[in-house]
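So that we are looking at the same thing, I have put the structure below in structure tokens.
By written order: A, B, C and D. Residues from 1 in each chain.
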Amino acid sequence: MLPTPFDANGAVDTPSFNRLVGAARAANCTGVVTLGVMGEAHRLTDAERGQVIDAVVSAAGDDLTVTVGASAESGRALSARVLDAQSAGATAVMIAPAKMVKPNPNATYAYYAAAQEVTEIPIAVQDLPEQTGVHLDPTFIGKLHSELPDAKYLKLEDPPTPQKITRVIEATKGTMGIFGGLGGVFLFEELRRGAIGTMTGFAYPEVLVAIHNYLASGDVEHARAIFYRWIPLIRYENSIGISLAIRKEIMKRRGFITTSDVRPPSPPIDDSTLEELDDLMNALDLNVENL
Amino acid sequence: MLPTPFDANGAVDTPSFNRLVGAARAANCTGVVTLGVMGEAHRLTDAERGQVIDAVVSAAGDDLTVTVGASAESGRALSARVLDAQSAGATAVMIAPAKMVKPNPNATYAYYAAAQEVTEIPIAVQDLPEQTGVHLDPTFIGKLHSELPDAKYLKLEDPPTPQKITRVIEATKGTMGIFGGLGGVFLFEELRRGAIGTMTGFAYPEVLVAIHNYLASGDVEHARAIFYRWIPLIRYENSIGISLAIRKEIMKRRGFITTSDVRPPSPPIDDSTLEELDDLMNALDLNVENL
Amino acid sequence: MLPTPFDANGAVDTPSFNRLVGAARAANCTGVVTLGVMGEAHRLTDAERGQVIDAVVSAAGDDLTVTVGASAESGRALSARVLDAQSAGATAVMIAPAKMVKPNPNATYAYYAAAQEVTEIPIAVQDLPEQTGVHLDPTFIGKLHSELPDAKYLKLEDPPTPQKITRVIEATKGTMGIFGGLGGVFLFEELRRGAIGTMTGFAYPEVLVAIHNYLASGDVEHARAIFYRWIPLIRYENSIGISLAIRKEIMKRRGFITTSDVRPPSPPIDDSTLEELDDLMNALDLNVENL
Amino acid sequence: MLPTPFDANGAVDTPSFNRLVGAARAANCTGVVTLGVMGEAHRLTDAERGQVIDAVVSAAGDDLTVTVGASAESGRALSARVLDAQSAGATAVMIAPAKMVKPNPNATYAYYAAAQEVTEIPIAVQDLPEQTGVHLDPTFIGKLHSELPDAKYLKLEDPPTPQKITRVIEATKGTMGIFGGLGGVFLFEELRRGAIGTMTGFAYPEVLVAIHNYLASGDVEHARAIFYRWIPLIRYENSIGISLAIRKEIMKRRGFITTSDVRPPSPPIDDSTLEELDDLMNALDLNVENL
């Protein structure tokens, strides 16, 4: 998950996308995701969305997939965003349900069907009830997956995620590719339950990749050791309400982006948090060679 | 308040704006408002927003004000929308607070300040907590009004509205122009408490204008009689959850728009409601000459 | 729907229940309902609940039904309240769903089943999503009705109510007795759609009864005329946020209760509202002989 | 924080309180808290509340403080609960704000003032916006603390908690005793920021006590080492939506309680979670002698 970097004037800092995507490549990520909640997509203008997509697609080249957040508040607006992403070179779109005063499965189905009608690339259904207010039960997710041919993936962010992964796998007979999220706080459990990866913006993606790869190779205890060693930081980065500012701060320290600024009204990082982060980062072994 | 009409294919029906704005002119409205919640602004793409603004500005000519909804999820995106509206010919912008996980007055103030920084036209602060989750207390509204020179108007949709009008008038010493809303269900009380008008989409704007004008001329009982006679319909049009579809249906019957379609996931009108509406409209004297 | 009257010290004013219930009897209501949201049930101690139930049952005698709100936050606590109500002489219980972080139909079903297990009196399912956060779809309501033998009634407060009445009648083949609510603002439409009555606390229950009776006798236009004539007051009493204080004020003026006090943090009525109410009540013909 | 144990029939299992309180004593806790959210207080009848308080007070004897959750939906009901707790032997009460449709500081202040009026024991203000919907800003907390003499403590559960601790300390000049909560996921940071303890129900209270004590003695790195070693379990126990069921399961395994049952509609633990918990507990060194 890529954040959207801003320059000192608050404009989208497109040059930084090269470094961000480069960091993902260096970490052996299989792809990048842009314009999600962590990408502050809802804080951007449509014109800025276009800049971001272009910068990411260009930086990703042929070796990284590019999933573009296309969520909208109507099927029609969603279709337009899907087409925009597709024609700009995205390899997949990520779509959270439209908010509704009175959520109902038929309307949510129609919304996803509107995306299916125009897309030629896979859809990652984003299950994020805290933001959308829409609860997707496993049976409904299974229906989307079986009836909409491009609804191949699920980004699952409805806690508790490990348990829901098990239920979605049952409902889809294991044919839907499930990604975890929510900062990676349950990554180890998610992967062991059958998630095929995670889409989350932890500032050390090498760690996520290593845990995934050790599990894939059957070395559970190595994966566990890495996860437990890094969980103090994963947890801290996931601080409710300021996680994005902390994440951007770490990415700035790693040289991925130029400023850690978030777009208001998201709250910025404060001095006491900077100190606390110093203390935490000093206490951990952050050398990604030791994974 | 103008709805956004759609054609049979679901596209924005720009030609209908001439008739819609014409109806407002014929009703002696002083202006029109577009791209509010009732205008389904959040269901439109930015490109469609542009079409709507252009069509409305063109239809309004020199004799009607055009207030354009510019609400966004960040001060930066808000500024861009304000500038767009302004350069397209809007005479005012209407701005609801950005949603926030943890609402706080400083962030909301900064958001409105971002609009103030770029605007050359008045701002109508839209107080709509049901949609935004942000509660604006009268003191805070007073602060916006006194410190941001263009924050001249308030569109008040925080029920109970009559009581809040009184409190905002106290907090602003009566210098802020307050408009009612919420379908006009409390129009009579709002105006008597000191509102200078209403911004609401009732499909018979002549009725709202007549009530306003009789009250302005001191003929309280004539205004009251009209209001009480029309309240059965005002109430019905304001049915929670399907008010927009009902409103568009009546406007279609009046010949203002071509279809009553709303953009999903807003629910459409059903047959039983159509019949109920027939019955209600037949029972009332809808002749706007008799006001 | 009975409010819970308080005396000048804020204690439950049990003697006033005789007058309140007497007014319902005089209005030809078939029964009374106590300890609903309007009865400020959630603001009372369990000991006060007992006092209220006893006072109402005693006042109701043999000629009025007594429905007691028994909603709780678990099936076990619900069962206890149902048993308390039953042994105190209630003729029915009214039950809204328990709130849940993540609403799910199985848990809501189990909750109602816990009431069914102990009750010997009918259950009125209260569909009140604004308060409970739980949406009951017509199919689920039909399942409760068909599988739980005492789930005979529905108090429907999920707007738009007329439309949902039609859908619930379809889902239950018309065998469930549906009552309207929400202040009676859609009473005429609710009854014409098939509601068998209303459970709402409008301070002139004679009006609700008259509308019901004229419709039952086939005199639609007489019912309509009464409804339209009274809707200005019905609407005003239903002011969001202060409806209970307004209602109690009117009941006080009618001599049903001694004070119009509500229990904080419910907001009390203010002077400007008292004046507005004076004005409205003076303008209407409130003589219930003229119905 | 004590859970409320249930027996195989779903009734309150009062005998288990001796073991639960004994475990707190053995862990060198300074006191226990009962009837909080984790104690499923809202799922109990008032009669059951009484049983729980009596059992806890009796088990606590003279050497442990007993804080009793007394939150209610009105100041009057709150006062009654405070008096009940006090006369049953509680040494403090814990009070979360009453829910309100439109939160306002004056009403919340009056609610706490109602408790102050009757209490003779200290009040722990519980800042828990996720459950109450009421946001308490540091200035308001400071006002409660300075104007209500018994509002001596704060249980802070408004994330991010470390940052808010710093702000409350500033607002109260450090004179209010702040406890953390939220499962202890930020315990280390909370204590280093100035919290005097935590009120949370982690099933290994020895760990919380050890971290507190090492920090108090200045051995930051020992405290940190313990915290980081236990955070995988602290995190897991805090799984959103099923944390209580996991916690009770661990307590059952430790012999503190007889069943891990929670009262519906809280969801129970499922088999896949039991296995996952086995795996996690096997992987960690859970010997509390090694702290």
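Everything below uses one rule, namely that a contact is a pair of C-beta atoms (placed from the backbone, for glycine too) under 8 Å apart; a residue touches a chain by one contact, two chains touch by 3 or more.
What you see is a predicted model; the values in this text were computed from it and never measured.
Rounded to a multiple of 5, the Cα-based rotation taking subunit B onto subunit C is 180 degrees.
Just one of C-D, B-C or A-D has an interface built like that of A-B, with over half of its contact pairs in common by residue number: C-D.
In a homomeric contact, the two copies may use the same or different surfaces; for subunit C and subunit D, over half of the interface residue numbers are shared, pointing to the same surface. Averaged C-alpha coordinates put the centre of subunit B at 33 Å from the centre of subunit C.
Subunit A and subunit C have Cα centroids lying 47 Å from one another. The distance from the centre of subunit C to the centre of subunit D, each centre being the mean of the chain's C-alpha atoms, comes to 37 Å. Each of residues 102, 104, 241 in subunit D touches at least two other chains.
Put simply, subunit A touches subunit B in their complex at residues 10, 40, 42-48, 72-77, 80-81, 98, 100-102, 104, 107-108, 110-111, 241, 263-265, 267. Put simply, subunit A touches subunit C in their complex at residues 102-104, 129, 135, 137. Against subunit A, in their complex, subunit D makes its touches with residues 159-160, 162-163, 166, 185-186, 189, 192-193, 224, 227-228, 231-232, 235-236, 239-242, 270, 272-273, 276, 283.
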